[in-house]
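Here come two complexes built around chain A, the first alongside chain B, the second alongside chain C.
Moving on, here comes the complex of A and B:
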C-alpha cells in the first residue's frame, strides 16, 4: 500500500556558526529541518561535544568524575590537552577562580589562563565566566582581548552584562553565549538586544539554562523544540544554535552523585551517573541542541557514538 | 479533528423522530459534535453511517490495552507531535526481555524489582517480554508459564511461529497478553490467534508500505505497529512518520507503536531507548534489567510525559518526617513536588526527625519561586504563623535553603524566628544537621 511520506515544507533554517580558526574550525547549526530528520531537510553539521576545564580544582566533583583527570585538575593547560585526547570537539574553559567565593582572581589572571589554554590546544575554545554577572563582564572583556582573532565562544551574556561581552566579542572576533532562564520570549529579547549592537546573528548561541534529567529537563526540551520550530518558520531571533550546559546540571543530580551503597536499588554509580549525563545530552539533541558541554570523557565518547549514528541518513 | 455538527448531520436519518431525546436530528448532531451525546442514542442510524461516524470521530491513535487488572497498560489516544501543544497521554510502556533459554524465574524476579520511588510516586517497568529465542514451542510455553507464575506484569509473547504462539496462548491467553507478532508470512494465522483470545497484536512490516498493507489486510483493530526498523536513526524517521500520518488520519497508522532497543552496544541501547521514549514509542523493549540502565529511562519517561501546563505540587501544610519532637529542626522549602521530595528524601536518609514546611509557590522550585516573587519572607512568615509549628517545637529556628540565603534578614525580622541558612543542595542536610543543629 502506498504511503506518502509526510514532509513539512520549512521556509527557513538555523543559522550556522563557525568556531576556531583554519584549519581547525568547527561548524554548528545550519539545519533546515527538525533534529535528525534527514528525509525532510539538510543537516550540514553535526551537534558537537565540549569537555569542561576549570582553572582551579573543583571541590564538589564526585570521585568518579575526578578520576579521569587525575594529575591535571590543578593545571588547566594539561587538563585541556587531556580533553582533546578524550575526543572533545571543543574545550570549554570555566574561569571559576574569578568567583568572589573562591580566589576572586583578577581579569588579567583569568586572561592569562585563557591564553595559555588557547595556545596549548588546536580545537576551538569556549570560555565561560564564574557566573557572577558583573565579574564575568570584567573578566570576559580581558579574556576576549587576550584571545583576539581566535574566534572563541564566550559567555555567558545575560540581560545584565550583555553589553560589555557583546562589545568584546565584536572587537576581538568572537561569538557569544546568550543566557536566559527557560523562557522563549526572554531568549528572543536578549538576542534582539545583542543584534541591535550589531553583532551578527550567527555569532550568538542560545543558552536556555537547561535542567538535568529528572530536574527540569522537560522545560528546556520544550523551549528548545519551540525555538527550533520558530527558526524553521523564519524567526531569525530564535534561529541560533543552542548550547546546553549538561555536565554542570547532570552532575548535581542525586542519581549521579549517590555512591553504589547508598541506594543499591539504583545500580552501580559509575554507569548510572554517566548515563545521567549522556541521556540528558542525547534527549536535548532530539529537541534541537547543538553544543553539549559535558564533564565526563565517557559521556563524550557515548554522545559522539550516538550522534555518528543519528547523522546517517534516514531518507526514504 | 472532531467532526462538525453539520458533517454529522449529513449522516443522520433526518426524520426528526425525537427518539434520541433531542427535538431534531440537527440538534442531536450538535450535541454529538460537542461530545454531550453518544451515537447509540439514535436507534435509527444506518450501519454505514455508524461506521463512517465512528471512524471519523475515533482518536487519531487508537487506545490499546495490554494485560488485565491493576497492572493493565494503556497505550494510544495521542493527539499531538509536540508536548508543548498538549501533554502526551499514555507514557511509553517499558518491557524487559527474557529469553526462553534464560533462567526465566530468576530473570523475572529481577524485573519485578525494577521499581523506583520518585517525587512521592512509585515508577516501574510495565511488561515482561518472553522471547522464543530457542525456536522451540515447548520451551517457549514453559518459559511463558514460569514468567506468568512469577510476575504481575502483563506479558509480551515474542515469537513469529504461530504454532509456538498457540501453545503460549493456551497458557497466557486469558490475561490479554501482547502477541508479538504478525508479519507478512504469518499474518493470517496470527490474526486468527489474536481474534480467538481477543488480544492485542503486533504487526511488523519490512518497511512503512508493507506495514500499511498488512494492517489493512488484517482487518483487526487491536494493533501495535512495528515498522521493522531497528537502527535508531531509521526508527526515529519511522516513528515520526507514523505519528504524523496518524494525526493526518491515515488510518493504517492510527495505532500505538513498539520499538526494540536491541543495539549490541549496551550503553547505546539505553541511549536509543531514550530517543524512542521522547519520540512517540508506545512500547520500548529493553534487553537489560540493570537498574542503572532503567532508572534514567523511567525518569525520562516521567519528564517527557508530565503535563507542561501543570507542575506537580504537594499540598502546602506541615509535614513530619520520622518522630519529631519539640527539639526537632524545621526545614522551609517550596511545594514543588520535586523540591519537596528532594528535601524529604535527604532528611530521611540522614535519619533526622524533623518538620518540613513547603510554602505554596504554585508548585515551583526554590530559585524559580524566589525569582518569581512566590517564595518570599512574607509568604514564609504566613505559613509559619498559620501551620501550627509554633505549638510543636519549643525552639524558634527555621532552616532555609542555601540558594535563598538573601531572604534570611527580612524573614528573621518578619517572623521573629531565628533563621539558619542551610546548604544549597538538600543532600547536604544530614551533615549540616550534624555540625550545626542544636535546638
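Moving on, here comes the complex of A and C:
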C-alpha cells in the first residue's frame, strides 16, 4: 500500500474574536490546528499580550514590579499609556478600587476611569472587575455602557453573574470573559448558557483560571489541550480563544516574591520573577492560549520574542 | 457517530407514493426532518417497485429534491449502477455510494465510480455466496475491499465497511460476530477504514424495535462503530448516542449534553 504522510485532518477551528475598533483592531483565535503546528492547519492570528493597569496603587506588588511604572501607579491613564509604550498589544484595566476591602468605588466611578483609559490609548481594552461577583456585575454594567461601541473584552463572567455581564456586552457591543474554576465541563456549560442568551460564540473568551509554574500549571495545561482538541473536532462550545491571567498568578508565587537575600541560591529576584512570568505564559502558549495578561514589561518583550519564533511557519 | 437517515426509501409507503405521483413534498419533509434530527447524510433509495429502466431518472429526482430541502450530502443507495451514477451526477458536495460487495465484478464497477466522483463508499462484507457467519470470514471479505479501494486511490476514511447485521429473531448468532468484525476492521489498514451498519435491520419483524436498535447501536459504538444508517426520527436513539459519546470520551461532558449533541 502507498505510504501516507500522517497529518491530522481537523474538521473545525477556533472562533476568531475581534477586539477594538478600526483602524486599531486586534484579532485572536481562528486556529485550525494545534498550537504552532503550521503544517497541519492555519494559525491566522498570533497570541497577544496585555499589560495590567490598576485603578489604584497595588499594595502587594514587589518593588521590582512597581519600578517600571514609577510615577504612574496612581494614574491609570498615564499607566495605560506607559503599557502601550512598553509594547503591550492590549491594555488590561483591573478595577480593583471597586473591591469592598479597598475603596469600594461605585460603578459610576469605575465607569469614568474606564472611559478615561479607553480614550487615552489607541489599543483595545480589556476591563476586569475586582473579583467579587455581585459587585463586578454592577460595575461592568456601567462600564459596558460607558465604553459603548469600543468593542472591549469585559469580565470575568461566572456562573453567578454571567447574565448581567452578557446582557451589557450584547447591548453595548463588547465581548466577555467566561471564567470557570479549572473545570472543562463547567467551562463548556457556561459558554452554552452565555450563547443561549444570544451572544455570538466568537464574542466569548474562555478563562480557565490558570495556575502559575509550580502551582498547578499542568491542570490548566491539560484542560486547555483538551478544549483545543474538542474545538478542532467540532465542539463549538469549547472553540473559543483562551485568556490566561498569567501575571496575577506568577507574581503570587513565592519564587517571584522572595527577595534577593532570602534565598540567595535562587539567583536575583528580578530576573527570577520575570522568568517565572515568562515561562508560565510560554507554557500556556503551547497549550493554545491566545491572550496573556501580564504584569512586567520585560515579560511582554520576552513572550513576544518567543511567539515571533513560534509563528515562523514549519509547514511542509 | 455519523448518522445516515434511512427514511427516503421507496420501501416506505409515503415515499413510494411520492415517487409514483412525482410529489416532492414527502421527500422534502423527510430531508428537512432528518437534517433537524442530526443526520449527516440522507440515504436515498428508489425502492424495489420502480422499474429498473426508470431508476436512474427517479434517483436523479430524489437527490435533487432532497438536496433542495436540506444542506446534506446523500448516501446513494441502489443495486443498479446506472441509478447510482445518475444520482452522483447531480449530487452537490461529497456523496456516499451504497454499496459494493466484495465480489470482484462489483468492486470493478463501484470503486472506479467512487474515485471518479470523489465519493465515499460503503463496502459490504459479503459476496455472491451470501453473508458469512463468522467474524473472520467477514474480515477476509472486508480486506478484499480494502485492498481494491486502495488500488483505486480511495482514502481509507472514505471507505465504510458494513459487516451486515441480520435480524436478531432469525440470525441471533450474528450479533456478536458483527461486533467483533467492527473491532477488527480497524486493524486492516493504517489509517483504518471506517465502519457502518444498517441498524434497523437488527430488529426487522421484531417487537420493541426501537429498544433493540438503540441497544445494538450503543454496543456497536463501544466496539468502535463510526456510522449507522438509522431511523433518526427516534429521539431516544439520539439521546442514547449523545450519552454514549460522553461515556466513550468522544464529546466533552456538560450539563446540557443532550442539547449540544443536537445543535449543529
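In the analysis below, the second predicted complex is superposed on the first by the 311 of 316 C-alpha atoms of A that agree within 3 Å, B and C clash if a C-alpha of one lies under 4 Å from a C-alpha of the other, contacts with A are read in each partner's own complex, and residues count from 1 in each chain.
Simple rule for what comes next: a residue touches a chain if its C-beta (ideal position, glycine included) is under 8 Å from a C-beta of that chain, and two chains touch if they have at least 3 such contacts.
If you're wondering where the values come from, they're calculated on a predicted model, not measured in any experiment.
Trainee: Look at where chain B and chain C land on chain A after superposing the complexes, then choose clash or fit.
Mentor: Superposition result for chain B and chain C: fit.
Trainee: I'd like to know which partner A:276 touches here: chain B for first, chain C for second, both or neither.
Mentor: It touches chain B, and chain C stays clear.
Trainee: Who does A:214 touch here: chain B (first), chain C (second), both, or neither?
Mentor: A:214 sits against chain B, while chain C stays out of touch.
Trainee: For A:226, decide between first (touching chain B), second (touching chain C), both and neither.
Mentor: both
Trainee: Tell me which partner A:238 touches in the superposition: chain B (first), chain C (second), both or neither.
Mentor: After superposition on chain A, A:238 lies in contact with chain C alone.
Trainee: Using C-alpha centres only, what angle sits at chain A with arms pointing to chain B and chain C? Round to the nearest 10 degrees.
Mentor: 80
Trainee: Between chain B and chain C, whom does A:305 touch in the aligned arrangement: first, second, both, or neither?
Mentor: first
Trainee: Quick check on the superposed model: minimum Cα to Cα separation from chain B to chain C, whole Å please.
Mentor: In the combined three-chain model, chain B comes within 9 Å of chain C at the C-alpha level.
Trainee: What residues on chain A does chain C touch that chain B touches too?
Mentor: Looking at chain A, the two contact sets intersect at 1-2, 6, 226.
Trainee: What residues on chain A touch chain C, complex-wise?
Mentor: Going through chain A, the ones touching chain C are 1-2, 4, 6, 9, 184-186, 188-189, 192, 226-227, 230, 235-238.
Trainee: Would you tell me which residues of chain C are touching chain A in their complex?
Mentor: By the definition above, chain C touches chain A via 150, 157, 189, 191, 251-256, 259-260, 263.
Trainee: Okay, in this complex, where on chain A does chain B touch?
Mentor: Chain A residues touching chain B: 1-3, 5-6, 34, 36-39, 181, 213-219, 221-222, 225-226, 229, 252, 254-255, 257, 262, 265-269, 271-272, 274-276, 278-279, 282-283, 286-287, 302, 305-306, 309-314, 316.
Trainee: Where on chain B does chain A make contact in their complex?
Mentor: For this pair, the touching residues of chain B are 82-84, 113, 115-116, 118, 208-209, 212-213, 216, 231-234, 236-237, 240-241, 244-245, 248, 250, 252, 265, 267-268, 270-272, 274-275, 278-279, 290-297, 299-300, 302-304, 306, 308, 338, 342, 345, 349, 365, 371, 425, 427.
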